[in-house]
Structures are given as structure tokens and as C-alpha cells.
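Chain nomenclature is as follows: A, B, C, D, E and F, assigned in order of appearance, with residue numbering initiated at 1 for each chain independently.
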């Protein structure tokens, strides 16, 4: 069963300068599951997510204590190349952020940099990724057009396809639907549930109902601490901790 | 907008799962009634014991369906049609579980009856059982097909059962008054009849909920005669 | 109703004020032409533009401004060649690579330097660069194309750098994050995502830098050497149009042919920069309309 | 293994690119820094109270540069008086009132074109209109008007930008409170745009103070010892003074120190003014949170 | 976080309304049982009729509470504690309504019994009624106070009732066998007893739901003996 | 009963240039009710809202057909001053938009321009408005400080207080919580329910659950048409129109 836990954090602390944004987070993320991280603004859920593929490296004056094990190896070990980590652990952001390039170029951006040059392979990859992201039918005839012309929901699915094209093991999602309307949101939620058969997904959401709908596991964060982490069904029907229950039932603060 | 409904979502599949489980539970209770009737007619204690044992599965389903429903309420927060479906499912589930219990009750009486000689040939009881069974089937069909009319027909069948039950009661009372030795057996048969009547009640309860699910109108405290004709017509234009 | 009336009145008055700019532009055209057109009674337009002899004070005078146009063109081109890479790369440095304290100082300093009066650069070119060039390359004069181009470049770089830095800074952080998240290195992110995304802003910066160079007077007046001939080497002197106007206007008798010819040169310069600006406007507009999505 | 070498190749390219970028940044710093340092070092020795307060003497080979400083101040003040009201009102019209239409597009293109006109052409225009046509002659008025027109597009642009930077939501909020459009502009839009407008204007002043070409034909005197008594007098101006000393004087080498001193004063003046604008802007940016 | 719970929100007030209605309905059913027992003992047909008429109010409350619950499910989409509360409320409501119906059943038997001479002095029946009533009260108290232990105590009381019912049944059977003239009356009393037993069943059902509400554990198909001691202890730390 | 309908729209059509954004909208808005307008993006709900206090006047190239009756008078009649209309019908926007002034000045901005000058009256008004918006206790000691220092949720309540200070009859709210976190959202929702005893509230929201939670009446819009308009409870338990049901149950598109 050891194998099933793709990512493990061990007593992770995270500091912005002297401010401790995360306190002693120890969490296991299981393969082929959707794990949701919820909690009020500033609870550290996004910070944790960005720490899992070293996106926090880009912010000055931060540092990490503890270990983040990805397939058993600490990604914060000195000999680990963060570029390599990010290739294995993809990320989708809050706002759809396609590059101002064609749909095709958006998807091949990562693979090309990683050395994939063969046009036929690239085309196959584009189709496969777009199909996985349930976008192929909508864009197959306009692959050469700018990604900026797509609707918000389509852009976000394109971003998912772009991440999938790197064939990552894990997909991190940082409030991927908070900028979308309900219909696009529903599509992305369906997609996430489809994707979990092939990927391990960790999603931050401030929409509790979304966590309820799509996740298998839910972790509730408050003030940088992991308050409760358990099966989503349990969290939403009979959480163990009162703080969790107060938060999800809206009796908080 | 018509015709663009998406291929079944995970949510819809979960709703379907509940429906399937309910139908399975319904089939089990029907079978239980069938078996218990047969055990009565054939004086087969084995069959009766089978019914009693079989109830565990119905109870298991009861728990499972209820958990599924609460899970869906908690995680999917259904509204409108879906919410009516879930509340209906919870109620139907409760009714089916009770029907299973009644079947067990009957089976226990049958076991007792099998210990003693048969009082009289059973004519009305199998008819009652048959009606009760067809009420269950009808109400579940109505549930699956979301047919208000069919549910209404089931609701009206309840009075037939009531009549039969009363008839049996009076007949048995006569037996008892005439011959004190029949009292014990007559009481047992009375209980069988009473249980069948209650099964029919539950079937009507299921039909009531189907009417609610389809129309959104609560008819539980309203007798089928009252204005059932209108209930189904108030349903809105579909699409 | 009085409120409505007042609003309408205010609106009208404001509109009149806004029209002043147009009025001025019209006046500029009018007066340039009023004072410049008379020269074409003396020479034809073709002769004026393409004539390779500029001897306005000779007798008979020659009013061919082709050497002036070539001079303008050459110093502008060379200064652009120097200024664009330096300006853009230093913009990249400031916005993407420099440590935060450097960034915080460099940005306003660059902006400050964009406001450096051109006469200062002209002076520097004259006093420092020219003697150095003369000595080092053993030239008859240090006041030549190279000197003017370098000084013009130095003048244009802060402008280019500052506008380009704005454009780079305006590239949404989301693009950068997306690129990093896809396993790109920092330089790949800069070259393949950030710079292309800022391309419209960068090209505006370049065009504006060029426009500034072509219209610049004092630098070329002071360091280009002033030879109104078509140059044969980079170390030759030239006499770009603005220099010619600035230098000769003082000496040209009022409403003389020379005077009119200088105004006509002004017309050419004006039209040239006008064209430049319209192109810049078009480019930045086109990029904006398509959401810079056609890269 | 192949992947590893490919990573190494990618990091090599990264190193080369960053080297290039750093080099250009260094070159730029060296060139401009050296230039400023050179001027500073050479000019500092000349600066004295007399240098700043006395008029030039002995064919400008001795004495101070007071008339030039004053002239520049007069010219720029005049330019601001012309350009500021005109520019702000135009910008308000363009951002707040103008509806999209051909007329507005014409105005906008006009402003853009005006911004791109070379300063020498403004000089010619000033000469043609103010000096010759209106017969003001070469004087403060002509120069100030010319410079004012020169910086008008800068001020319109800066003001427009500042006005656009005022969030649309502020206007909506004000209008939704039953406040008229004019009041909204006066109470909400202009106060919030003011820092931006000021910054733009001050940068405009810096530009006006440093301009040489436009004043050459319209206002600047080669030499005049007397101070102007009216706006119809000629004045000296710092940039022109430098140009004159450096190129047209008879004692170019002898007046070198004076040239450096004048340059330093001009640079100090212009950059000082610009610095004020930049400081104002950065504090404003830090303070506001929208 | 403790102590900062806000003054009651509109949502919480709606939840409270449901609770109030349930308690009101509970009080009505208790009263009905009390009245119907009194009517039996005092042979007061008026009181019995009062019980029958009073059921309309319980039915009305049943409908109202159910509507409130579905309304809340639709509009507030409760989860966790609140969802358990609502599902519990729906179930309790159903039980109370059924209890009301049983009381009516009993009242109808009482009316029939009042037509004929009293068979014997009632000793066990009032005791049953009292236990049933205290089970209802106990389960509702447990509901209000969210006390798992109390609910468990109610669940254990059910066996007492079952024993009494069986005792009454045997006693009446003796009467019937001895004297055929008692059969009619004995049957009526049997039905009264049976109904009381079912009332107790429903009260136990309420207690089951309270256990679920408090602990999140479903004990419906689990007998109180089984491991009820642990159920309440599994409850998490409060706060 | 006629009196109860504060705002009535009669066959309102709205055009952006030639595009018809609203088609034949006839709706009555009742006094002291919260009416929610829901529907997918671009369905016209926000357009309708902005039409009710003539905020759409600010957009070039639009025009309105039909009548919008406010207290029986068509607000689009030529003799009506839109400034007057907006004074009676307040509005709260999607993003909190306090002015960069002090809290006190924010609230007194409108009343002062409307002619209220007395300091004591103004102070009373500020307290009253802030109390109504349940913000008084949080800001009573910092009335002189900039409104920009408040949190997002506080800013939005300040905007509500600012609108209330004009003593409007109707309060229009355009997705007032879409930029806020769940906790601030919950507070605003409570507030809206409190306010309806004194005001008529019309709210646009793309969060259906929000409409469910806070509104008495709900109108569902699709493609510029009012599909169904009825009591919220009815809409969310048994809507009459299939389109409505499909939308609210997420089976749409």
C-alpha cells in the first residue's frame, strides 16, 4: 500500500520571511484520487499546493522546512532540479492562462522544450491531450487559431490539456473554476472526475460544495494548520473536529 | 436546449445507482411476498424461513440506500427534480424495508400455522397478496417511469385490499365464535391478513411519493378519491 | 432641467478645449506649408527631395536635401541598431533578472535618464567622444556618423528600455507561472513567453525610440559634423535634416529662398515622423485588437 | 541519460543568455553613469554662488549664468501655464465625455501626431506663427507658447492615463448614489487622478526646460545682460547657452569650465524636477490600493 | 473560534422552527396517547373522539414539517450536523405521524369497546401506554438535548413493551378460549395492545435517529443490546 | 395590492447597438422582498438590473424600448432626471468599490452632494447606515481612516452602508459577493436578509445556491428572455419550466 501514496509531506513548515504560513503539515496524497484542500482565505491551502511542485521557489524570501516526498524522494533535496519536478507534477491555475499563441503551440510548448520535436508525435499528443480534456471536438478545426479567442471555460480546459501534454503523474489545481461561470465550472468538474482514473489530482477550492462534489479526500486547513483530513463523505456528513463542522456549515467567524 | 443534455454525468450515475438499488430492493420484497404466500399455501416452512433469512439483504439495502441518499444530499446538494427524487427514494426505501419486515412477520405466522392443521382453504389471502405485490410493482414502475397516472391507479387499489382484509377478519371472527379451537389459528391468519393490508398501505405510500416526485404535490394526507384526477394534470409542460 | 442644461454646457466647453490640439496640428501644417511652399517656385519637388547638392548660400544656390535625408536615415538606423538590443536586453534585465533592490533603483533611474536634455548628450559627444574617436582612429574629425549614432543611441536607450520594461512588466504573472509549471527554465520562459507576449509594447518602444532619434536636433547638430554630402564611410560627417534647419535658420535671411527651403525641409521631417507615428499607432492598435493573440 | 544531457544543454543556453543580458545592463550603466559622472566631476568645480547669480561678462568667457537660469524658468513656467489647463481639460473631455465616433478618433490621432512632431518642427512652427505671423518677435511669449504646445501632448497623454487609471467602479459608485456626472468628475475622478496628472506635468516641465531647438528661433537670445522686463523681451536659456558656448563662441576652449558648469546646472535642474515627479508617483502608488 | 458563534442566523432560526414544530407534534402525540389511555380507562367516548379529531393537527404538522425540511434541503443545502439534523427531523416526523395514526386506531377500538361491557380491569395496558409515552418524551428530549445516552436508554425500553404486549396477548387468548363471548372484546384489546407496541417501536425509531444525529452512526438494524454501549463513546471531541 | 409592486417592467427590450440583449421582459418587483435574477452568463440578468436605475445610460450605443415603472412612473420618460432615479434606487456592485476617502466621507459623499450639510445630522446618518449594514461595531473607532484599509467583505458592507445613506427605496445588487470569500459572503447574505424588512432588494447572482438562500422570488433568464419567475421555494423544488429545472440542477449546455 506504500506505493499508493504518491506525495507525502512530512512535518512541512513554510515561511514567508518570518511569517510561518504552514505549520507541521503531514499529509499523504493517494494515487488516482482527487484530494481537495479547503479552508478560509489565508489558511495556507494554496501555499501548500504551490509547495508541492516548488512553484513557491519563484517567490523571494520564502523557505521550507520538512520534507515533501514525491515517489519517495524529497523534492527539496539539494540535488533535485525543480524544472524536473514541475515536469512530473503539473499545475492548473486560478485564472485560465493560455499563452497568447495558437492552441497547437500552447499544448506543444512544454513537450517541445523537453525535446519532443517530431511533428507527427506532436500532433498525436495534441489530439490526445485535447481529448482527455474534453476539448478536442470543440477546437479540432481551429488548432491554429489563437487560444485567446476561446471562452473562459475552454481556455481553462486548454490549460488542463496543456498540463496533461507533459504526461505528469500528479495534477495540482489552484481554484481552477473560481473565474468561470457555473456551466463551465460543471464541465471542468466532470472533467476532473474523469481524469482521476489516470492522474492523481490535488485541488484547492474555496467552494466547499465543489470539494464535496468532486473529491475523494478532503483536508481542512485553518491558520496554516491541517485541522482534519479524511474521506470527503466523512468530512461532509460527520466530521470529527468541531472547527471543521463549523466551517463547512457556515458557522465560522 | 432540448436534446443537448449531456451524456450521463457522474452525478446522474450516482442517482441511477440509487434507483437501481431501490428496484433491486423492490424486487426482493416482491419475491419475499411471493415466497411467503407460497409458503402459506404450500405449508412450506423452509420457504418461510428463507423469507426470514432474506430480510437481512433487504435491511442491508435499506442501510445502503439511505447512506447513498444522505451522501448525495451532503455531497451533491440536489435541488428541484433531483431533490424530489432523493426524498422520494428515502421514503420508498423506508417503505420497502417495512414491507420486508411485514413479510418476515407473515413468515413467522406461517411457521406457527404450519405447526397446526390448516383451518380452511385460503382464497382471499392469496388474492390480497397478489394485489399487494402488484401494488408494489406498480408503484415502482411508476417511480421508474415517472408516471403519475400509474401511481394514482396504485393508490386507488388500496381500498380493495382494505375490503378484503375486513372480509377475512369477519370470516375468521365467525370461525372463532363457532369453535374456540380455531381461535389460535384464526388469530395467526388475522395477523397475516393485517400484515398484507399494511404492506398494501406501504405500497400506497410509495405511490404517494411518486406522485410527489413527479408533480411536486404532497398527497399523503389526501385520499385517492379526493381529487386525484387533477393531481397529474397540474404537471407542467415538459420542455 | 437646470442640471441637465449645466451638464450639456460643460460638455460643449470641454469639447472646444479638446479641439485645440487638432487646431494646433492644423496650424503647424498651415504654417509649415505657408513658409515652406514658396521654395517650390524655385525648385521642383523632385529636385528638392532628390537633389544631391545642398548649397543654399551659394550663388546660384542649390536646394537638394537628399544628403540631409540620407544623413538622417543613416544616423537613425545605426543608432537603432545599437539602441534596440541594448535597450531591450537591459529592460529584460531590470524586469526579470535583477535582484529586487537593483530593480527598484534601476527603473526610476532609467526613466530619469530618458529626460536627459539632448544638448547634454550633444555636448558630451563633442567634448569627450569626438576627440577620443579622432585620436583612436586617426580621423580628420570625431564629429561623424559613429559619434552621432552612439549619442543618439544613448539618448534613445532609456526611452526604449523604459517603455519595453513597462511592456515586460505588464505581462501577466500567470503566463510566467504557466511556463514554469510546464517545466520551462527561466530563460526559456523569458524568451518564449514573456518577450513574445510583450512584443507589441516592445515594438512600440522601438518605433518611438526611432522617431525620437530621427527628429532629434541638438545631438546631430553638435556631433554629426555637418557635412551636407552623401557619406562614404561611417566616419564621415553628415548633416541630418534637423541639424540643417537648426544651424541655418539663424543665418537665413527672412523669407529668403533659403528660409523657405528650411521650412520645406521641416515639412519633410514632419511628414516623415508623422508616418512613423501612424505606423506605431497602427502596430500597437493592431496588437491590441487581436489581444496580441496572433504571435 | 539523454534527458540529462538535454537539461545540461538547456542550462548552458540559459547561462549564455543571462550573460548577454547582464552585459548589456552593465554597458548601459557604464555609459550613462560615466557620462553623468564626467559632467559632475568637471562641472562641480565651477559651481559657486557667483556663477549662479551673476550675468556673463567678457563675451561670456567669465561671470555667471543667472540670466539663462531665469530665462529657462520664465519659459517653462509660461509653457506650463499654457499647457496645463488646456491639457487637463482636453483629457477630461476625451476620457469622460467623448463617445466613440469619428470626431473623437480625429482628436485622438491629432494628439498622437502632435506628440510625435520633432521639436525642431515646433521651433519652425513657433517661428512661423508667433514670431512672424503674430509679430510677437523672438520673446518669452513666443517661446513659452511654443514650449507649451510642445508639451501639450505629453500632458494630455499623462492626464488621460491618470484619468483612465481611476477605476470605472468609482464613477459607477458615484453615479449610482445619485450624483451628477459633473460632480462625479470634480469630486471623485479629478482628485484621484491628480497625482498622476501632476507627475505627467512635471515630467513635461523637465522636457520643456531641457529643450533647445524650439527656443532657438522663438525666444532665446545669444546674449543679453539685462533681465527681461516683459513677456515681449528676449531671454537667454540654459540649453541654448550651452550650445552657443560649445559651438559658436570665439573662445570655445576657454569657456569649457563655464560650459561644464552650465551643463551641470541644467542636468541638475531637469533631473531634479523629474526626480520630484518620480518620488511623488512612487509614494502615491504605495499609498493607493486600487 | 469557540464562543464566536454568531447570534442566530436566519438559517439557524429556520432549523429551530423545525425543531419547535417537531416538539409541538411530539407533545400532541403524547397528549393523544394520554387521552386515549384515559378514554380507555374511563370508558370516555368523547375523549376518544377528541383524539381522532386531534389527529388532523398532527397530520397538518407532518405535512408542514416535511415541507420545511425539503424547503431547507432545497434552499440551504445543509451538510454535516445540519444535514443529519434534517434527515433526523424527517424521520422523526414520519414516526410521530405514524404514532398519531396508532393513537387514532386505539381510539377507534376504544369507541368499539365502550359499546360493550368491560372485559376486565386494565392493568398492563396503562403501564404500556405510560412506557410508550415516556419513550416518546425521552427520545424527543434526547433529540433536543442531543444526548446519545438518553436515546440509548429509550432504545432499551422497547423490550419491556414487547414483553408486556406478549403478556397481554397470552392473557387475552386465555379469556377467548375460556369464553367465546369475550372474543370480540379481546380482539379489540389485542389491537390496542399491538398498537401501543407499535407506538413504542416508533419511539425507538426516533431514538435510533437521535443516535444517528449525534454520532453519525446508523443503528437502525442493530439491536440495543448489540453494542450500544460503544455507540455514544465514539463521539468526537466537541471543540 | 397594486402598491406592493415598487418596480414594474413592461415589455422591456434592450439593445446594444443592433443586438437585442433583452426581449419583452415584463416583471413586477414587490416591496420588502428579495428578488434574485439568475441565469447563465450573458443571459441578460445584469443588463436588466442596470436598466432599473438607468446605469445603462453610461454605455454608448444602447437603447431601451418598453417601460420601467418605478412607483407608477416610467423612469425612461423624457422628463425624468436619471440622477433623481439613481438617488431613489441604490446600487451595490460586484467588486467592493469604496472611494479612496475616509469611512465617514464615503458614507456622507452622496448625502452631502444632495445638500445635507449639518454635521450632527451627518454623524447620525453615518452611524445609522453603518448599523444597518452591520459594520458599526467594527469601524466606529476608525471612521476617519481610509476605507481602503478595510477587508474586502467590510468594504462591500461599507458600500451597502453608503447606498443606504441615500435612503433609497430599492437596492440593486450586482453579484455583490462574487469577489468575496465564503465567510464574508455569509455575512453579506445575512445582511441582505436583514435589510429586506426596510428595503426592496433586487439581486443578480450567478451563484444559484445564494439565490436559494436569500431570495423570496427568483427569475430565471436565458438568452435575454425571462423564462420563469416565481417564488424561490417553488423554483428550487418544483419549477414549472423544464429549462429552469435543467439549469438549476446543472443539466444545462
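Heads up, the rule we're going with is that contacts are C-beta pairs under 8 Å (C-beta built on N, C-alpha and C of every residue); 3 or more make two chains touch, one makes a residue touch a chain.
Small disclaimer: the values here were computed from a predicted structure and weren't measured.
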Chain labels contacting chain A and also chain F: B, C, D, E
Chain whose mean Cα position lies farthest from chain E: C
C-F or B-F - the one linked by more C-beta pairs in contact: B-F
For chain C paired with chain E, centre-to-centre distance based on mean C-alpha positions, whole Å: 92
Geometric centre distance via CA averages, chain E-chain B, whole Å: 23
Interchain centroid distance [CA atoms averaged], chain C/chain D, Å: 15
Chain centre separation (chain A, chain B; CA means) in Å: 48
Chain E, residues touching no fewer than two other chains: 6, 9, 11, 70, 74, 77-80, 83-84
Sequence positions of chain F contacting 2 or more other chains: 83, 186, 208-209, 212, 236-237, 250, 252-253
Per-residue overlap in chain C, given as positions that touch at least 2 other chains: 3, 185, 188
Contacting chain pairs - touch in the sense defined above: A-B, A-C, A-D, A-E, A-F, B-E, B-F, C-D, C-F, D-F, E-F
Complex contact set, residues of chain E against chain A: 1, 4-6, 9, 11, 77-84, 215-216, 236-239
Touching residues on chain F, where the partner in the complex is chain A: 40-41, 181-183, 186, 206-209, 250, 252-253
Of all residues in chain F, those that touch chain D in their complex: 53, 55, 58, 60-61, 83-88, 90-91, 93, 95, 97-100, 109-110, 113-114, 148-149, 159, 162-163, 166
Residue numbers on chain B that touch chain A, as the complex places them: 6, 9-11, 70-71, 74-77
Complex interface listing, chain F residues touching chain E: 186, 190, 193, 209, 212-213, 232-233, 236-237
